[in-house]
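Below are the C-alpha cells for one structure; questions will follow.
For reference, chains read A, B, C and D in written order, and residue numbers begin at 1 within each chain.
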Amino acid sequence: MSYKSGRHFLQIPGPSPVPDRILRAMDYPTIDHRGPEFAELGKEVLAGIKRMFKTESPVVIYPASGTGAWEAALVNTLSAGDKVLMCETGQFATLWHELATKLGLEVEFIPGDWRHGADPEAIAARLQADTDRQIKAVCVVHNETSTGVTSRIAEVRQAIDGTRHPALFMVDTISGLASADYRHDEWGVDVTVSGSQKGLMLPPGISFNALSDKALKAAEQATLPKSYWDWQPMLASNATGYFPYTPATNLLYGLKEAIGMLEEEGLEQVLARHQRHAEATRRAVRAWGLEVLCLNEQEHSPVLTTVLLPEGQDADQLRKVILDRFDMSLGAGLGKLKGRVFRIGHLGDINDLTLLGTLSGVEMGLACAGVPHQSGGVQAAMAYLSDTGA
Amino acid sequence: MSYKSGRHFLQIPGPSPVPDRILRAMDYPTIDHRGPEFAELGKEVLAGIKRMFKTESPVVIYPASGTGAWEAALVNTLSAGDKVLMCETGQFATLWHELATKLGLEVEFIPGDWRHGADPEAIAARLQADTDRQIKAVCVVHNETSTGVTSRIAEVRQAIDGTRHPALFMVDTISGLASADYRHDEWGVDVTVSGSQKGLMLPPGISFNALSDKALKAAEQATLPKSYWDWQPMLASNATGYFPYTPATNLLYGLKEAIGMLEEEGLEQVLARHQRHAEATRRAVRAWGLEVLCLNEQEHSPVLTTVLLPEGQDADQLRKVILDRFDMSLGAGLGKLKGRVFRIGHLGDINDLTLLGTLSGVEMGLACAGVPHQSGGVQAAMAYLSDTGA
Amino acid sequence: MSYKSGRHFLQIPGPSPVPDRILRAMDYPTIDHRGPEFAELGKEVLAGIKRMFKTESPVVIYPASGTGAWEAALVNTLSAGDKVLMCETGQFATLWHELATKLGLEVEFIPGDWRHGADPEAIAARLQADTDRQIKAVCVVHNETSTGVTSRIAEVRQAIDGTRHPALFMVDTISGLASADYRHDEWGVDVTVSGSQKGLMLPPGISFNALSDKALKAAEQATLPKSYWDWQPMLASNATGYFPYTPATNLLYGLKEAIGMLEEEGLEQVLARHQRHAEATRRAVRAWGLEVLCLNEQEHSPVLTTVLLPEGQDADQLRKVILDRFDMSLGAGLGKLKGRVFRIGHLGDINDLTLLGTLSGVEMGLACAGVPHQSGGVQAAMAYLSDTGA
Amino acid sequence: MSYKSGRHFLQIPGPSPVPDRILRAMDYPTIDHRGPEFAELGKEVLAGIKRMFKTESPVVIYPASGTGAWEAALVNTLSAGDKVLMCETGQFATLWHELATKLGLEVEFIPGDWRHGADPEAIAARLQADTDRQIKAVCVVHNETSTGVTSRIAEVRQAIDGTRHPALFMVDTISGLASADYRHDEWGVDVTVSGSQKGLMLPPGISFNALSDKALKAAEQATLPKSYWDWQPMLASNATGYFPYTPATNLLYGLKEAIGMLEEEGLEQVLARHQRHAEATRRAVRAWGLEVLCLNEQEHSPVLTTVLLPEGQDADQLRKVILDRFDMSLGAGLGKLKGRVFRIGHLGDINDLTLLGTLSGVEMGLACAGVPHQSGGVQAAMAYLSDTGA
C-alpha cells in the first residue's frame, strides 16, 4: 500500500486515537500472570478503574470487548424468562435488546425516536404499572454512540426510586466513561458496563462491569448459564491481584498508563474538555446550517456529535469523500439512520487543533461532496475555542 | 521498583516471550474497524490463521482469552443436558470439564493419572458402549499445559471412527498450535480451540475456534444461550473481512505479523525446532537425575517439560529461588501437582542460547535451593544441541 | 508534568514530526556494526540516500547533526586561508559564514536583505572580478530556514558557468532535501550538505555530504586538519557497506524506512504536496492581512513560511500564547529577525487536516495575543485545499 | 530475510544490548529543541551525566559517536605541533594516536604488548625526562576495548603528580563508563572521553567530554581549528538547558532513561555486577583451557574478556560458526590481534542467564569449530554464579 503522508484523523466515536504513552506502555513483553510482579499490576488497575467509575464497589475487568461486558451484566444477574425493561435510545440500545432476547430474557422496549435519551417518566410509569414486580432490571444506555444523545442517568435513578420498584438498574456507558460525567455510586447504578477504546483511550480488548451490593446479591440467585463471565471467580481472584484465567496483560499495562494520564490531567478537567469540544462542534454544525440529531439541549453528548443531513443527501458518500481526500474516518449512520447522518467523534486524546483539523475536514468534505451548506463552521468553532480558556 | 539488569526469562508454558517484531506491529494506532483498511487486515488474518490450523474451514477469532474459546466451542454446538465425554489428562482438562458442567452439560470424565495422554482405546470402549448415541461430543486436550503430555489426536480420531459413533470431536490445542504438530482437517476435528499467547507468540487477548461442516450443522440445533460466542454473526461478518462487534484490532496487527514470521521460518521448521529443544531439555532433566512427568515416550510435549521433584522437595520454593536469584519465571505445579512439579516452557520465540540460559537457571536453582540432583544437565543439553543441526 | 491531551503540533521548520513508522523502525535493538547483517543495511541506505539527492556520486553519512556536515564540506575541500564566497540569505548563511571563519577560511559575504535568495548575478559579478581565481568555493544555502526563501540553485550554477570560474560550488539544503526540488547532479553541485530531521522525517543525529568528482579531487589537496569528517576512510569503508567508526545504527534503521516511505508516496508527489501546503499557508497569511517575509514570488519556500508581524508586535509573545493555549510550536525569528517574525513549518509528515489545525492555531493565537489581523485565513486555505486535488 | 527464532545475542564489547525501557523512551516524537520542554530535558541529562562520570565539572554532550569525542578532547585543548604522550595499550589507543597525528599533533607513543595497561612508571619516567615541559598532554585509554585490559588511571595520576609535570591528563573511557569504576574528579582527569553505546546501554550517536578547570583554561590558548567540537558555545548554551546546534534529541530521551535505570539499580551495584560477570567468564575460559589475553590480574576488564586461541586456530572462523549456528555476535580480534583472539562482551543490560547462554554458545562453538578445548566452562561459571549472591 502506498504511504499517505501525515497521521490519519480517527474521529469516530471509538476507538478513539490511542496516545503514544499508552501504545508504548503496551509495547513491553508480556509477564507471567501468576507471578508476584503481576499481582502489583493487578491490584493497581483494579483500584484505579474504580476511580474512573466513581465507585467503592468492585469493578470486573474482562478480556473481551464491550459486547461481552453487556452479556456479562445480564448473565450474572438474571435467569431465563426474566423480564427486563429497556429504552430504545438508538442502535446500541437496540443491540443490547437483541442480545438479551437471544439469552432468553423477556425484554420490554420503551420506544424512542433516536433523538432523545431514555425518558425517566416513561420508565417510572412502566414500573408503577408493574405491580407484581415482574420486571427484574431496568437497562439504559448512558451515552448512545449511534445518536450522540446522553441519557440523564441520575434522573432515571430518581424516577425508579420514586416508584419504590426493586428492579436492578443497569447502565451501559461504554462510550461515556472518562468522557461524560458518570457516577456509579452516587447515581445508585447496580451494574455499569463499559469498554476500553473510548474515553480510556486504549485499543479495544478489555471491558468492565462495575457492581453494587444489590447486584452481587442478585447474582446469587441468577441461573443463566455462565462461566467466562462469572463474577464470583473473578472477585475471588481479584482479591489478591490475579485473574481466574489469562488476562489481556498488555492491555492492563495500557490501562495503568491511561488511568495515570487521566488523573494527571484531572478527571474533572477531562470532562470539561469534552464538553467544550462538543459545544465547539455544535457551533460548527449550526454555522453550516445543518442539524444536530439530538433534540434535547440537556442531552447533547460530550463524546460525539451526530449530524443529520438534508433529505436526499447521502452521508455515506460524504464520509467516503472525506476519507479518500482528507484521510479522516467519521462514524456512519447505524441502523435506521444509515446514510442519513454522520457522526463526529471528539473524545479521548484530542486537543483544540485536532478538533479544528477535524472540522476543517468536514467543512471541505461538504464542499467536495456537494452537500448544501454554508461555510463558516470552522470559523465559529475557532471563535468559541479562542474565547474559552484551555 | 528497582531496575533489574537484563531481560526477564519468561519460561512458563505461555504466555511465551513476545518478539519485538510483534510488539512493534501492535504499537500502531488503532484503526476504524468499520473502514476499508480494516477489511484488508481482517481478510488477511482470517485466511492466514487457517494455515496455522491446517484447515480449509473457517476459523473464528474472538476478542477473549482461551477460556472463552473453550466456552464458545460448547455453547455453539450443544444444548442443556447434552452428554459430553472428556478425558482427565491434567488440570486444563479438569477445568474444561468444570466449565462444561457449569454450562449445564452432563460430562463423563474418563479418569487419568496426569502422566499420560487421552487413551484412544478407552474412548473407543466408552463410545462403543453408548449404543443409543447419547454422547454428543468427545473433548480432548491436545497439549496438556499442566503436565507436558501431548495426546495422540490422530489416534483418537481413528478410535472414534472405528466405533462409527456420530459424536462431535473437539480438541483444545491452546498451548499446542504452531508449536506441536496439529492438523485440523486431516485429523477430522470438528472444533479446535486455541489461543494467542503460546506458539503464536502474541500477548493474550484473542482466541480461536476452528470449525468443520459437521460442527456448523450441529450449531443449527444447539440451544445453549449465546451471543458473544455465536458463530453465525461472526461468519457472516468475516465474509467481508469485518467482525460483528469491536475486535481486538491491535492484537490482529500482531497476529498478521506472527503468521508472517512463522511462515518466514517455515511452520515445519518451527515444529522441528520445538522438538529439538524439548529433547535437549529432557536430556538435561535426566542428567540431573530428575524425573520427567510424562511417562509415554510417544507423548512428550514439544512445548514444555514438566519435572517431578523427589518426594519431600518443594517445587514452589525452588521456583521462588530461581525467580529471586535468576529472574526467571517457570510454571508452577497445578491442581493435584501443586508443589510437586515445576514446568519449563520452551515454546515460541526462543533459540538455543535462550534455552541454555534457561537450563542454567534451573541447574543453579537446584543447587541454591538444595534439591538433590547431579550437575551436568546443561552439559548434556549442549552436547545434544551442538550435535544436531540448527 | 501534567498530561496535555492530544498530540503536540510541531510546526517548526525542523525537526519535523517523526512518523510512527520511522519511530518503530528505530525502536529495534542495535546490531553489530561489524557483522554481515549491518552490511546489508549499510549498502541499502547508502544507495537509497543517493536517490534522495538525485546523484550518482557517493553520499557520506555522518553520525552528527547538520552543523557537522557543514564543517565536513569545508574541511575536506579547503585549506587554511582559502577564499570562499558566501551569500547572506539569512541566519543559517550567517552561521555557516561564522563557522568557515572559525576554521581559518577567508570568507567574502555578499550582503542580502534576508528577504531574497542568493543573487546569481551578484555571484557572477564577483567571480568575474576574481581574475586570479583566488576564490576556491561558492557556498549557497538552498532553503533558508530562517526566512522561508529558497535560492535558485540552477540559476546560480548557470551564473558560475557563465564566468568559467573554477570554484567549487557547495550548497546547504539541510532543510530542503526531500521537501523542495533538489538535483545534485543536474545542477552541478560539488558538495551538498543536508540533515535528517527535516524532509527525511527522522530525528536529528545524522547528516550528509553528497559529493562530486571535482570535490573529491579538491579533497586530495585540502589541508585543513580533519579526522572525524574525513571523506576518504568513509568512502573506503562504505564500499562494503560499513563505516570507519561506529555509526548511529538506529537512525540508519529509520533512514531506510524514511526512504521507503518517500518512494512509496513518490518523491515528485512529495514535492508537489509541499508546494500545495505552502501555497495554502501563504493564502492564509494574506487573508490575515499579514506579510510573507519572502519578497520574490519565485523563491517562496515549500518547506516553511515566515510571517512578518506589523511594527510593534512581538512575535515571540505570540508564539508563547500559541504554545501555552494550543500546544503548538512555531519557529522563532532568528538573528536580526528576532521578535519580528514567526515561522510556520509545513514540511515532512503532514497532511491537509494537520495543516488546517496548524493554521487554526495561528489564527486563534493572533486573536488571543491581540495582533491586529483579519479573520478568514483558515477559510482561504480550506478553499484552496478543497479546490486542488489531493 | 527469513526469520530467526529468538533474540540475537549481542555479546560484543559495544554496542551493548539496548534494553526495552531505553528503546521505548526513544520511541517518542522529537520535540522542539528551542522550546521550554526541551530545556527541562537538557538540564536533567546534563546534571545526570555528571553523576555517571563522578564529576562536579561540566560534561559536554555531542551528537556524534565516540570517535568525535576523541577529536573534541584534542582540538579544544591543543595547538598544531603540540607534543602529546600516549600509551600503546591496544587498537583503540593506536587509533587515537593516528587521529592525533592527523590533526597535526606530535605524538610520542610508549610501546606496549597489548596485554597490559598503561604503565604508570613508564609515563612518569618520560615526563621526568621532559625537563622543558614540551609535553602538553598525557592520553590514556582506560578500558581497552580491543584487549580487555583496564589501565590503572588512579596510579597514572599519582605517577604524573610525582613528576609535578603540568601536562593535561586525558582519558578515554568510551567502553568503561558505567561498567568499570571511573572517577573523573577524584582521579584528577582533565578531559574524559566517553560514548553512549556501552555501559550507558544506548544506541550509538552521542558522546561525551567531561572537563576540568585546567582543561577549560587550556582551551583558552588552544588554536587547533574547531567549530562543531568547540566547548565554549556548548557550555554557554548548556547553562540554560539548550545546545548551540540541533542535538540528537531522541538519544537524549534515552540518556535520561538510562541514567534513571543505572541509579535505580545503583551505580556501585552495576559495577559489582560487571566484576562478577567478568570473573565468571574468566573461570569459563580457564576451564576450557584457553588463555585470557590480559596478563595482569589487577587489570582484567569488567566489560569484556579477550580470549587468545591456540596457535593455528582461526578466531574469525570460530566467530562465524557461532554467529551462523547460535545467532550470537562476538567481538573480532582487531589490528595485530586479528584472527588470534575473540572478545566476549559482558557489559550493559545483561544478567546471569544471558551470560550463561553466551558462554554456552562459546563452548558449543568451540566444539563445532573444532577448536581444541576442554568442556566444563559453563559448569565453572555456573558454580561461581550460584555461589556468589545476586
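A few notes on this one:
The criterion applied here is as follows: a contact is a pair of C-beta atoms (placed from the backbone, for glycine too) under 8 Å apart; a residue touches a chain by one contact, two chains touch by 3 or more.
From a predicted model like this one, the values you see are computed outputs, not experimental measurements.
Common neighbours of subunit A and subunit D under the contact definition above: B, C.
Among the other chains, D has the CA centre that is most remote from the centre of subunit A. With B-C and A-C as the two chain pairs, more C-beta contacts join A-C.
For this pair, subunit A with subunit B, the centres built from the Cα atoms lie 34 Å apart.
Separating the CA-averaged centres of subunit B and subunit C is a span of 54 Å. Chain centres here are Cα averages; for subunit A and subunit C they lie 46 Å apart. Contacts with at least two other chains are made by residues 1, 7, 20, 24, 27-29 of subunit A. Those residues of subunit A whose C-beta lies close enough to touch subunit B in the complex are 1, 7-8, 10, 12, 14-15, 17-18, 23-24, 26-36, 40, 62-68, 71, 75, 80, 99, 102-104, 195, 197, 203-205, 224-228, 230, 245-251, 323, 329, 332.
Contacts from subunit A toward subunit D in the complex involve residues 20, 24, 27-29.
The touching residues of subunit D, counted against subunit B in their complex, run 1-7, 9, 19-21, 27, 261-262, 264-266, 270, 273, 324-328, 349-354, 356-358, 360-361, 363-364, 367-368, 375-376, 378-379, 382, 385-386, 390.
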